[in-house]
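Down below is the structure, laid out as C-alpha cells.
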Amino acid sequence: MTRNSNAYIKPELMACCGAREIKDNNVVIVGTGFPAMSANIAKHTHAPNCILMQESGVVDARPKRPALSVGDPCLNPGAAMVGNLLDIMGMFLQAGWVDIGFLSGSQVDKFGNINTTCIGNYENPKSRLPGSGGANPIGALAKKTLIIALHDKKHLAEKVDFMTTPGYIDGPGARERWGLPADTGPECIITNKAVLKFDKETGEAFLESCHPGSTVEEVLENTPWELKVSGDVHETEPPTEEELRVLHEILDPHHMIAIYEKRGYI
Amino acid sequence: MTRNSNAYIKPELMACCGAREIKDNNVVIVGTGFPAMSANIAKHTHAPNCILMQESGVVDARPKRPALSVGDPCLNPGAAMVGNLLDIMGMFLQAGWVDIGFLSGSQVDKFGNINTTCIGNYENPKSRLPGSGGANPIGALAKKTLIIALHDKKHLAEKVDFMTTPGYIDGPGARERWGLPADTGPECIITNKAVLKFDKETGEAFLESCHPGSTVEEVLENTPWELKVSGDVHETEPPTEEELRVLHEILDPHHMIAIYEKRGYI
Amino acid sequence: MNKVMSTKDAISKFVNPGDFLFIGGYICRPPFAAIHEIIRQRKNDLTITRSNAADDFDMLIGAGLVKRFIGTFLSLGIYGLGRCYRRSLEKSIPHKIEVEEYTNLSLPMMLMAGAMGMPFVPVKDMVGTDLLNVKSFMGENKYKMIDSPFDGKPTLLVPALKPDVAIIHVQQADEDGNAQMWGIGGDCRAGANAAGKVIVSCERIVSREITGKDPSRTIVPSFKVVAVTEEPFGAHPGYTPGFYDVDFGFGYQYQQASNSLEGFDNFLKEWVFDIQDRKAYTQHYIKKFGYEMFRKLQAGFDYSYPVSYAY
Amino acid sequence: MNKVMSTKDAISKFVNPGDFLFIGGYICRPPFAAIHEIIRQRKNDLTITRSNAADDFDMLIGAGLVKRFIGTFLSLGIYGLGRCYRRSLEKSIPHKIEVEEYTNLSLPMMLMAGAMGMPFVPVKDMVGTDLLNVKSFMGENKYKMIDSPFDGKPTLLVPALKPDVAIIHVQQADEDGNAQMWGIGGDCRAGANAAGKVIVSCERIVSREITGKDPSRTIVPSFKVVAVTEEPFGAHPGYTPGFYDVDFGFGYQYQQASNSLEGFDNFLKEWVFDIQDRKAYTQHYIKKFGYEMFRKLQAGFDYSYPVSYAY
C-alpha cells in the first residue's frame, strides 16, 4: 500500500476516537466495521489486555479476515470461548461484565436514544428497519456506550421516531427510575464532524470537539437541536502516528474502512 | 455364578416391581442401586427405548461397571449427552420431560411424603440426614415417582418428622393448590413386604399386593397408620424367568444387589 | 429408535400449518434444506421465532407462509434490510405479518425459560423504550412490570416461549437424534430445547458410539427429537463450522433477486420449487456456479485435539 | 495477562476470611488442592455453597472454617452421612454451622440467576414442603411466593446467588485463565460464572493456541479469572474425566477417620497440615499406598474424535 503514513480519512479518525475510550482490561462488545476497528486499535496500542466479544457467542476471537457479521465463520477458530447468545448477552452483559458497547442507528437523539426500528409511524412505517437485535440490551447494560452517527439533520434528531435503545431516555434520573444499572449509559456520540459527550447531570449531548476541518458553526448548523457547546471545545486530536501505523499495517492493509466514505462518513 | 435360575432375593423382586412401572420410551431419572437396577431391567425387557438419566448431567449412559454414585466416572464415556445439573433438573425435569423418578428416604408417610433431612426436631436434630439433593424436585415434578422403603414402623410413618419431598402433601388437592404440575405424584411405595399404590382421590397409600411370603396381616402390623387394603389385594407377581435372566446374566452377575439384604430388605 | 428420514418426510409429518416454529441458526447453521422444504410443501400460517433473523426468515415471509414473527432483528447482514420483510410491513405484500418485538437478550432468555420449565424470566433490558410501548398478538402478556418482592425494584418479566417444533441444523447427530454442535451457538440450544418436538438436520449421521465418544457436545437429547435428516451443505448459503464457509456471493444474489417481487418469485422457482431436495440443490449450485466455486466454500483442515472421558 | 501462580498464593491473595465461596465439583473435579490450602491458611468464617456437597465440604466444616452453608445435600456417598456435618449440627462440634437448605433444582437455578444477572428466578419445586418452613440466615429473602402476573398461579421465586469467589478444578486452562472442561458438569459452570472472581485449578496449563482449537469447551472466560493454578491429581480423592478415577478406598479412609474427632484431626495433620502442597500430597500418597495403587487410578486411553472449526 502506498498511503501517506500521516494521511487519514474521516472513518479512521472516528475509529481512533472510539479506541481512546477503551481502557486496558476493558471488556468490549463489538459488531463489525467501526466498533471492531476501534477496539482493535485500542488492543494494539494502549489497551493490549482488552477483551473483545461478539453477541453471537464469541470471546477474544482471532479472525484471519475481517468479520463481516457477528456470526462470521472466521470468528470461530482460535477464539478463547465460543458459546451462545445467552452467554454473551446474559452471562456477561446482563451480569455487568461489559465495560464498552458500540451502537449506531438511523436516528440518534440528544439524549443518546437510538432508533433502529422504523422511520415514521410504527404501525405503518415509511421505512421498516431491522429492529433492536442486541442494541437495546447493550444500550441498557454496558457501562459505557459509544454511539457512531452521521452528522446531519436526518440521522441526528431532537427526538427519535421510535426509541429502540435507551440513552438517557427523557433526561435526568430516567435510567434510574426504570431500574437500569447504576453508572451505565452513553458516553459519547462520535460523528463524522465532531465528538459529542454527555452531560451526566442533564443526560444531554454537548459538543466536546470538532474534527479537523469542521467548525463549531458547521456542527451546530447540522444538529437538529440546540446543541450546547463545552466551555473548552477544541479540535479532535488527530490519529497518532502509532494509531495510523496499526491501522495501515496491521488492521486494515486493504483500506476497507474507506467503504464508510461511500456511506457519507466524510 | 451358580444360583438357581428361579431363585431370587427380596431386593430383586423389588427391583422388578419398579421395572414394571416403566413403559417403553419413558424418560427415567435414576440414582444408584435399586433405581438403576429397576430401570435397566425394564430396558432389557419390555422397555428397550426407555432413557435413563442421572441428575449430575448424564443421559443414556453406558457404564462398564455399576455406578456407585450419580457422579460416578463410569457414567461419562459412551453417554449420549453429558451436561450439568441445570440440564437434567431444569431442562428435562422442570420442563416436564421426565416420566419416572425413584425416591427413598429415612421416613415415608401415608401421603408419600419423604424425609431425608432430619430425625427429630429440625433445629436440634436427633439425627441429621443429608438433605434434599435432587429428591424434592423429583418428587415435585416427575410424572410418576416410585418410592422404595423398608417396611417397618420406623421407616414408614403416619407423618414424617420433616417433609423434604412432597408426595400428596396433606391430601387431596394439595399438590394442585401449591401449583405443582398436573398429573404428577407418587405412584407406589415398593417395600420389602408389599407394594402400596396411591389412591389418587385421597392421596393415601393402600395395600395393592403382598410379596410372596408376606401376609396382609403382617403388612398391616408393620404399617404405623391404618393402611387401607385394595379390594383385590393379591400376591405380588414374582420375577419372571426373563427378568431373572437379565438380572443374573447381564445386570448383576456378581450379585451385588445382595447388599440390600444387609440393609434389612429381607 | 431410528428416526432417520428424508427432510421431505420430516416436514410433512411434523410441521403443520399454523405451527409455532423455532428455526435455529445465526448465519451459522441455518437449516436451509428444511426451510426450502417448508416452502415447497406450503406450510402456511406459521408463527416463527429466532433472535437475529436473516435471509431464511425473509424468504419464508416473502413466500407468504408467515402469519406471526416473534423477533428481535431481521436483516440481510452486509446486504442491508430484508426486502420481503419490508414489503410485508410497509406495503402488505404478500400480506402484513404481525410482529412481536424483543431483543437479543430478552428473546433468548424467553426461549431459555421455555426450555427450563420456567413460566417467565426477569430481564434487565427493554425498560424505558418504545419496545414496551408496542404490543402485538401477545397483548398484555408480552411482558409484565412488577416490583421485585425481594427489594422492591421495578423488574421486567417476559414470558417463556414454547414452540411446537424446533428445526435446527448441526454438524452431526446419531440415528436416535442426539444432536452435536460446536462453534457459534446463537440461541439454538435454548430454542431447540424449548420446543415440544425437534427436527434435527445435520451434515452427517454418526453412530451412537461416536456420540458417546464426546457426549459434552450434545445439545439436544434423543428423546426430544422426532426426525433426523442428513443434509450435507444443508445450511448453505449460511455456513457450518468445520464443513463450509458462508457464501457471500449467493447472499448478494438473494438480495438482488428479492429487490423485486418478480425477482423473488424467480429465485424461489429456481432454487426451491424446481428443486426436489438438497442433492438437487447442490447439483444445481455446482452446475450454475462451477465446481471450483463449490470447492472453494469447503472448509480447510484445522482439527482440535481429541480429549478423553476415560477413568 | 498471565495469571499462573501457586495454589498457596492464589488462596492467600484472593480468599479472605468471611468470604462467600462457591466450590465446584460433584465427585467429579472437586478442587481438593485448593481446599487443603484453605485449611492450611485457616481462612475461616466462610459461607460455602454447592449442590450435592461431599467430603470436601465435610472437611471444611470439621476444620471449623465454615460459618454458613447454602446447600442441598451433604453426604459421603456410599460411605454414608457426613460425620463432621452431623457433629456440627447435632453436637455443635467444633461449632454449629448455619444451614440454608435448597434443592438440586433450586440452588443451581439461583447460581444460574447470579451468573446471568437475573435478580431472582422462578422454580417449581420446594412448594408444599418443610423446605419452605425452615429459614436460616437468609431470612425472608430465602424465597418469595407470588401470584404470577401472567396467569395468577402461585409461583415460587428464589434469589440469585453471587459468591465472592468461585474455586473450580477443570481439565485444562490457558495462562490467561480460559478454563476448559468436559464430562459431568454439576453446577460448576453456573457457580463459577456467578462469582465475582474465579480461581481456576487445572490438571494442565495449555497454550492459548490450544484453547482456541476447541473454544466451545471453555466454561469460564479469562476476564473473570484471577488465578490459574496447575495441580495434577488436584481433585483426588475425587476424579477428573480423562485423567484419573475416583479413589473409593481413600473415601473409606476419610469416613473411618472422621468417625471420631481424634481420627479427623489426625487425618488433617497427615494429609493437610503436614503437607506443603499437592506435589507433597501426591508423593505421600504414593509412599503410603504404593505406586501401583496410584498407577491404577490413572485413566485409560479412550480419545474422542477431533473436530474442526475451520471455514
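We just call them A, B, C and D in the order they show up, numbering each chain from 1.
Operating definition for what follows: a contact is a pair of C-beta atoms (placed from the backbone, for glycine too) under 8 Å apart; a residue touches a chain by one contact, two chains touch by 3 or more.
All values reported here derive from a predicted model rather than from experimental measurement.
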item: Touching subunit C and also subunit D, the following chains; value: A, B
item: Centroid comparison with subunit A (C-alpha atoms), farthest chain; value: B
item: Chain pair with the higher count of C-beta pairs in contact (B-C, B-D); value: B-D
item: Subunit A and subunit C, separation of their C-alpha mean positions in angstrom; value: 29
item: Computed distance of Cα centres, subunit D from subunit A, in Å; value: 40
item: Subunit B: positions in contact with at least two other chains; value: 58, 73, 76-77, 82-83, 86, 90, 93-94, 141
item: Overlap residues in subunit D, where contacts from two or more other chains coincide; value: 109, 116-118, 123-124, 153, 155, 182-183, 185, 213, 216, 239, 241, 245-246, 302, 308-311
item: Chain contact topology (line, ring, star, complete or other); value: other
item: Interchain pairs in contact, sorted by label; value: A-C, A-D, B-C, B-D, C-D
item: Residue ranges of subunit B in contact with subunit D within the complex; value: 55-58, 68-69, 71-73, 75-77, 82-87, 89-90, 93-94, 113, 117, 122, 124-137, 140-141, 162-166, 169, 174-175, 177-181
item: Footprint of subunit A on subunit D - complex, ascending; value: 1, 114-118, 174, 176, 178, 193, 208-209, 211-213, 215-216, 218, 221-224, 308-311
item: Of subunit C, residues touching subunit D in the complex; value: 109, 116-124, 141, 144, 146, 148-151, 153, 155, 157, 159, 171, 182-183, 185, 210, 213-214, 216-217, 239, 241-242, 244-246, 299-311
item: Complex contacts: residues of subunit D adjacent to subunit B; value: 26-28, 51-52, 71-75, 77-78, 81-82, 85-86, 89-90, 101-106, 108-109, 112, 123-131, 134, 153-156, 182-190, 239, 241, 245-246, 248, 302
item: List of subunit B residues in touch with subunit C within their complex; value: 25, 27, 49, 51, 58-60, 62, 73-74, 76-83, 86, 90-97, 141
